[in-house]
Amino acid sequence: MGDPFFHPVSGFDLPRFAGVPTFMRLPHVSLDDPRIKDVQIGLIGTPWDGGTTNRPGPRHGPRQLRDMSTMIRAQNGATQIRPFELVNCADLGDVAPNPAGLEDSMARITAFYDQVTEAGILPMTAGGDHLCSLPILRALAKDAPLGMIHFDSHTDLFHSYFGGTMYTHGTPFRRAIEEELLDPKRVVQIGIRGTTYDSEDRDFAQNVGVRIIPIEEFHARGVDDVMAEAKEIAGHGKTYVSYDIDFVDPAYAPGTGTPEVGGPNSFQAIQVARMLDGVNIVGADLVEVSPPFDTAGATAFLGASIMFEMLCNMAQNLASD
Amino acid sequence: MGDPFFHPVSGFDLPRFAGVPTFMRLPHVSLDDPRIKDVQIGLIGTPWDGGTTNRPGPRHGPRQLRDMSTMIRAQNGATQIRPFELVNCADLGDVAPNPAGLEDSMARITAFYDQVTEAGILPMTAGGDHLCSLPILRALAKDAPLGMIHFDSHTDLFHSYFGGTMYTHGTPFRRAIEEELLDPKRVVQIGIRGTTYDSEDRDFAQNVGVRIIPIEEFHARGVDDVMAEAKEIAGHGKTYVSYDIDFVDPAYAPGTGTPEVGGPNSFQAIQVARMLDGVNIVGADLVEVSPPFDTAGATAFLGASIMFEMLCNMAQNLASD
Amino acid sequence: MGDPFFHPVSGFDLPRFAGVPTFMRLPHVSLDDPRIKDVQIGLIGTPWDGGTTNRPGPRHGPRQLRDMSTMIRAQNGATQIRPFELVNCADLGDVAPNPAGLEDSMARITAFYDQVTEAGILPMTAGGDHLCSLPILRALAKDAPLGMIHFDSHTDLFHSYFGGTMYTHGTPFRRAIEEELLDPKRVVQIGIRGTTYDSEDRDFAQNVGVRIIPIEEFHARGVDDVMAEAKEIAGHGKTYVSYDIDFVDPAYAPGTGTPEVGGPNSFQAIQVARMLDGVNIVGADLVEVSPPFDTAGATAFLGASIMFEMLCNMAQNLASD
Amino acid sequence: MGDPFFHPVSGFDLPRFAGVPTFMRLPHVSLDDPRIKDVQIGLIGTPWDGGTTNRPGPRHGPRQLRDMSTMIRAQNGATQIRPFELVNCADLGDVAPNPAGLEDSMARITAFYDQVTEAGILPMTAGGDHLCSLPILRALAKDAPLGMIHFDSHTDLFHSYFGGTMYTHGTPFRRAIEEELLDPKRVVQIGIRGTTYDSEDRDFAQNVGVRIIPIEEFHARGVDDVMAEAKEIAGHGKTYVSYDIDFVDPAYAPGTGTPEVGGPNSFQAIQVARMLDGVNIVGADLVEVSPPFDTAGATAFLGASIMFEMLCNMAQNLASD
Amino acid sequence: MGDPFFHPVSGFDLPRFAGVPTFMRLPHVSLDDPRIKDVQIGLIGTPWDGGTTNRPGPRHGPRQLRDMSTMIRAQNGATQIRPFELVNCADLGDVAPNPAGLEDSMARITAFYDQVTEAGILPMTAGGDHLCSLPILRALAKDAPLGMIHFDSHTDLFHSYFGGTMYTHGTPFRRAIEEELLDPKRVVQIGIRGTTYDSEDRDFAQNVGVRIIPIEEFHARGVDDVMAEAKEIAGHGKTYVSYDIDFVDPAYAPGTGTPEVGGPNSFQAIQVARMLDGVNIVGADLVEVSPPFDTAGATAFLGASIMFEMLCNMAQNLASD
Amino acid sequence: MGDPFFHPVSGFDLPRFAGVPTFMRLPHVSLDDPRIKDVQIGLIGTPWDGGTTNRPGPRHGPRQLRDMSTMIRAQNGATQIRPFELVNCADLGDVAPNPAGLEDSMARITAFYDQVTEAGILPMTAGGDHLCSLPILRALAKDAPLGMIHFDSHTDLFHSYFGGTMYTHGTPFRRAIEEELLDPKRVVQIGIRGTTYDSEDRDFAQNVGVRIIPIEEFHARGVDDVMAEAKEIAGHGKTYVSYDIDFVDPAYAPGTGTPEVGGPNSFQAIQVARMLDGVNIVGADLVEVSPPFDTAGATAFLGASIMFEMLCNMAQNLASD
């Protein structure tokens, strides 16, 4: 049943609206806390949106995700998995970004995740904008490129913005492929849609072998079929999962800076995460939740629900090793 | 064409934003009004949320449901039923709860519904939280246990909370079965989902014979198939319909205290109510609408639309007797 | 590649949150500007809601649609159409209505569109409430009745309101048929639903030959089948497209005055507009976006996305002539 | 202690969030109800904003004012007046306006108030926009011009708008003076401020003898001094009180369509109403509360609090006759 | 400079939007943590609103107060006091209430504060509704009645509600005086206003010697004069400070359940707390912040600012002992 | 009466909710437009918040300020100044920032203002965060240091943040003094308040001779006295006016990222701007309006009203030269 220290506080003991809000009511274990050596999955906030080209806000994401995650209970209602009894999970706190320093912030994120990986902890990240994924991958893919299953309405594969700016939330995976942090042949992007500046990103994807599944194909084929292909692309190797909340239709996830209409509903949003079972996930993130556009917290609650589904799969994997 | 006294005010005579808002613009007939003897279906508010374990607010539900129900017109666009011409409907006002007295409030609700049933009126309730259903059932099931068709994302079958508290909005139907107000073999719960504390509620359901249709099954089988089974379970006997607005996906019904993502959309939410035709409904409720989380009134409008569909079926039943 | 003067400002040059907001960041070309002679499609605001019988607000629609339309980029992600390179598009500004004068406002709208059609410009209108469509049709259908593909949850075919008032947002197409601006046999209305006062509008439709596709039929048959029939009804003749945002389910489009639950989702909302390819569109409108009920701008963003899809088809048509 | 039929429902008997919301929880007595003959002060809604030149919404005012007025209790905390025991007060319901007919709406309002005055009832109106005051004055000033104490940030004395439109919410008192419904020498306008089109309204005021007290003078002299002068101007004759909620600073009253910054705070807003004691008030209104801009209801609550203060003075006057 | 363990996290090290939010970014020290023995002032949440008679929500207060308190920095800008260097402060977490058990919740609160006082810690409470103050006083006034300086718009001195209910947020200080937890002669209530049911509470106050300073007197005399009298009434004995956020005008503090217009502004709200210097404060609370009515967090930020001012005085007192 | 080309569109011709929104409905004249040579005062947006250390959003400020500025009419109600007839004013559009490049953005701002000053135009800026003032001053103070009257709740005089970051919205005037863009002896800061990290900024101010007037002094002395001193400090030399909207109390200006309670009300906020008459203003800005925190637009409307007051004084100065 696992170490009780790592069990979340039950809503039967302390009502879910009460208490200092940590991710899923888990214990807060800092990197310098001796108990860090027992942590297997670490939930981490990267409160930074320095790469955002339009409407800012994801820097506030981790706090709101913590808040709404207090509504998550101990057991997955569909799969009956009880992740917090399978492995030791903890809230590792937030990386300290520099809101006025883009490269400094990226270096701080990589340094934090270096410590996490050195401690043998699998990171589950709550962003932050999508540029956060790049410095995380720099820590996680030190040894070899990773595969990636990527849910999003945008490819984030653009070359540059604003006359040559290389680091924005529209470019992280272009950089990650150039830096050989990702193996493009093991990368799949699901849900792509919306208007575009041009086709430069899709041309790049085609050239390097990234598989793009646009939303029209997603709706036509259905979740089961799409996810089967995605898992085949990722294969058995180490895989990163990056989940941009704008993958989901804005009716379900209004709290984000660059929404695109016509996306999946919340049941599908959960299903795709649940169907990651068996994938060799070495890290995952849920990014682009923007509280200033999410006044009622619905987006953060959906985000926390998706994080829980991914966590169940990661915990199941670890426990079955 | 029915008694014109009981016809709602038309939007052609008084614009729908004008006038004192009663349920569906019906006449307000108090229990001590002589016209009460002519009422066949009574719309009643139970503005009480004393059983709410997390985010409060449903005490404000009846008022907002009245407000948004002024947008309901006289005729069902799909079935052409004109319920207010088939039977005499009226707004019976609200039960007076005691916001600081849990058992007192339950007693007051039962006493109110005792009068309603004694007057031969079928009650259509606007909650309030889900604990309200228990004192209502105490009045309605005086003679024999009822069947129940129950739409919800939670079973509300838990034994107790907070170290032995027996009456919360998570326990009403556990109590109702224990008190033999419901016949568990004629109870079906549709749409169950979300994380759970444990499986204690589902184990109980299985033991006593309550049929649970989780949301995954609902989405896989479709509305027609699920509702056919539900009606078979309820059978021809007296049946209560309890509709928790959190059955619906929070994108469509954000104004509720314990949302769970992945639910039905609003078309399905209406369909399941419409498909209750022929069921021997002796009372119905629509609960857990929480205005503080429903700033734009969308949830209340959906709730009023669902109430209207249920009302059409109840009116049709009565008229065809 | 078209005249660069008419290209929208790129988000790579000026971030999308910056700059004076015109429709889709196009140049603002007034009717008295010499460049008006080069415009092929004109985006026009009709900020007027004098025909609104319930909740007002669409007078603010054009401004919010301009604001959110700055998030539209140059290329259709699904069809790869780049409309602003195919034809010259411009923001022609707003008609000046008289908020306290109903007939005066209608006359002003017709006068404005008379100039637009005389200049050989196809108008794409951002309403305003649905009564705006009537004075627009008076300008566009001067020579002969038009066909119409109409997306809405209401028929807007009622005879009159409030004891004989002939001009409201519930009557424009009754008037348009009476005035022979529309050929009823070439009119199709898609998505009709919700409660109704009575069947007077539907009886009229049946009598004159307007085809109504209620939402139940829409959901049962699917988008492809419905749109095939719609295009057959409209035929090859000149056709107007009128898109009331309340066609879409209020979860996706909360910002409107007379919502009806149970409508299409945003993917379907986009699909039906995309499937207008090949229709001989001589004018289109997107009406009933009501900013006071759309605090987060989601409805306006969806509305702008729909306008873009319709625009792509209009541009493609013109370019292929 | 007055007729108990006319006492509001106590929050000790029915919590203030419960029940069908009438003005201040008074009985709803229609004009055709036999009890109308016993009513001394009638609270009436005029849900109409057809004269609004900018942001609409006051048509929703009466409903929200009813809702928030349920928070008003039986006794004035400062003066100890218990108005509902002094005189018989009732909610007379709403005038039925024609949202698409300006002159028709004005005629309907005058006709309603004709009945009210014929019944010997003093009207306390909840608007609606400020144009509502004109048709009310047409009923109240049938015999002779009235004096007026007018709280506002605008004079509402303009000649016309939009090229000759004579009836908007910026012109009612110009018309009322021209129609000899008001005696300009007994009219005082308090709180005037903000940018203006020009000085045409103030020139008119000066010519006919209306006294304008701009906000700078109000703040410099203080409430006591200003109100002493106002009462002197109104004198002992029959006086109408017109209170536009935009008199108050928008921080206290955000829910209005044409706010002007720099106004009084809520304490001063209450004080000026309380200091109307002794004025011979034959009717009063509280207008321009616009719920779409008042999401939290603060403006309506302030409006209801002001109505209560005015009511206390009217009741005291009647009782001491 | 105090123990660095107890210093809040600086916004220069971790931006203020980052990190797990504790009160004022202080360390979280549970009652069973060994460091508890070093704590001098404990910040505690009482997330409970079981005594609320109208609009609920204060159960969510502690979490939102924690969130907004992260904007409080280390030093008082006006007095230069740096409280966290003067004494050891910590976030002691929340009392676990029973949302469905009124007497159980009160017992749990008293039990928690018993431990706090036994540990020699001065409690600074974030409510919760005002009924929370009663069980706190039961722990703090074990030995002898306390004096109290009470900021509020209501006296909270009523005998009972709803036909004999003794425990609501309108009765705590009636009970506290009856139970001899407060010495009525050393109690002063400041800011009382609004409509009332009757004068029963004020009659009681007068009989037992509680001094009420209504808002009219407050505004007329000014802050300095009023606070001088308040401090004289409290004297040199042990004194509790109870600060209901509805003391402040709702324009400054909209997020509360029972607002009354005409209150102090935010500068005065801060001043009265700052002027508590020298008072022998043995405990303080800030109650009735209701997040569902405080969408933008302004009320919680004001509440946190007031808590900081009170804390500065408590710290100064302790440090100068 | 000035050049009619530069007169704003009247609300009598085009209702204020209609039309493409430019600042105060002035013509949009780009830097490359030939009419730029006739412009005397240019309204410019700097949509950039790259220096924001806490809650972002001011990048959206210019658009919302344009929107709400459409409610400003032609004439100052208090002073009767008609600025747009005194001098030629125009909307010069927005500087194009680089949202992901801090130093690039500052260089772009300076380059834009270099052109403005070379064209002999006085700039009135709508921010943007407060760091925008630094690159503006670099253009305006090329020849000699300026004086500055600065309204704010913060000094913005800090040395650095986050371990040595020199450019944030907390440091612009430290840098400006170091770079000799400001003459510290001619700088006055009014309204300073709130908690602080330490006294480093105030020590610096004292050392170099910047005069700080904290809010306590402001409230004690009153607006007239404070502004007389401020004008004396600025003297007759060239003076920049920098107005941070967080100078105003958050009840009046909630839409800002770093509010501090206890500030001036909106009347005082207007008064201080009006009392700048006679000051030799060579540029002014209104910064830190943050639309994501200003859902109802109240802050932007206040900001536009303040800009209008400053503009009146600038226009009067120019016209009287």
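Read from first to last, the chains carry the letters A, B, C, D, E and F; within each, the first residue is number 1.
Following the convention adopted for this analysis, a contact is a pair of C-beta atoms (placed from the backbone, for glycine too) under 8 Å apart; a residue touches a chain by one contact, two chains touch by 3 or more.
Chain by chain, the UniProt names read as follows: A, B, C, D, E, F = Agmatinase.
Computed from a prediction, not measured in an experiment: that's the story for all the values here.
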Going only through chains that touch each other, how many steps at minimum separate subunit A from subunit E? 1
For the two copies subunit D and subunit E, what rotation in degrees overlays their C-alpha atoms? Round to the nearest 5. 120
Subunit B to subunit D, mean C-alpha position gap in Å, rounds to 40
Counting in whole Å, what is the centre-to-centre distance of subunit C and subunit E, each centre being its mean C-alpha position? 55
Where subunit F touches two or more other chains at once, by residue number: 13, 15, 17, 53-55, 59-60, 99, 161-163, 249, 251, 265, 293, 295
What topology does the chain contact graph adopt: line, ring, star, complete, or other? other
Each pair of chains that touch: what are they? A-B, A-C, A-E, A-F, B-C, B-D, B-E, C-D, C-F, D-E, D-F, E-F
Residue numbers of subunit E touching subunit B in their complex, please. 49-57, 59-60, 98-102, 104, 161-163, 165, 167-168, 292-293, 295
In their shared complex, subunit F is touched by residues of subunit E numbered 10-13, 15-17, 71-78, 80, 249, 251-252, 265-267, 269-270, 295-296, 298, 301-302, 305, 308
How about subunit D: which of its residues touch subunit B in the complex? 13-15, 17-22, 28, 45, 47, 59-60, 62-63, 66-67, 91, 93-97, 99, 295
Please name which positions on subunit D make contact with subunit F in the complex. 53-55, 161-163, 192-199, 214-216, 219, 249-251, 254, 258-259, 261-263, 265, 293, 295
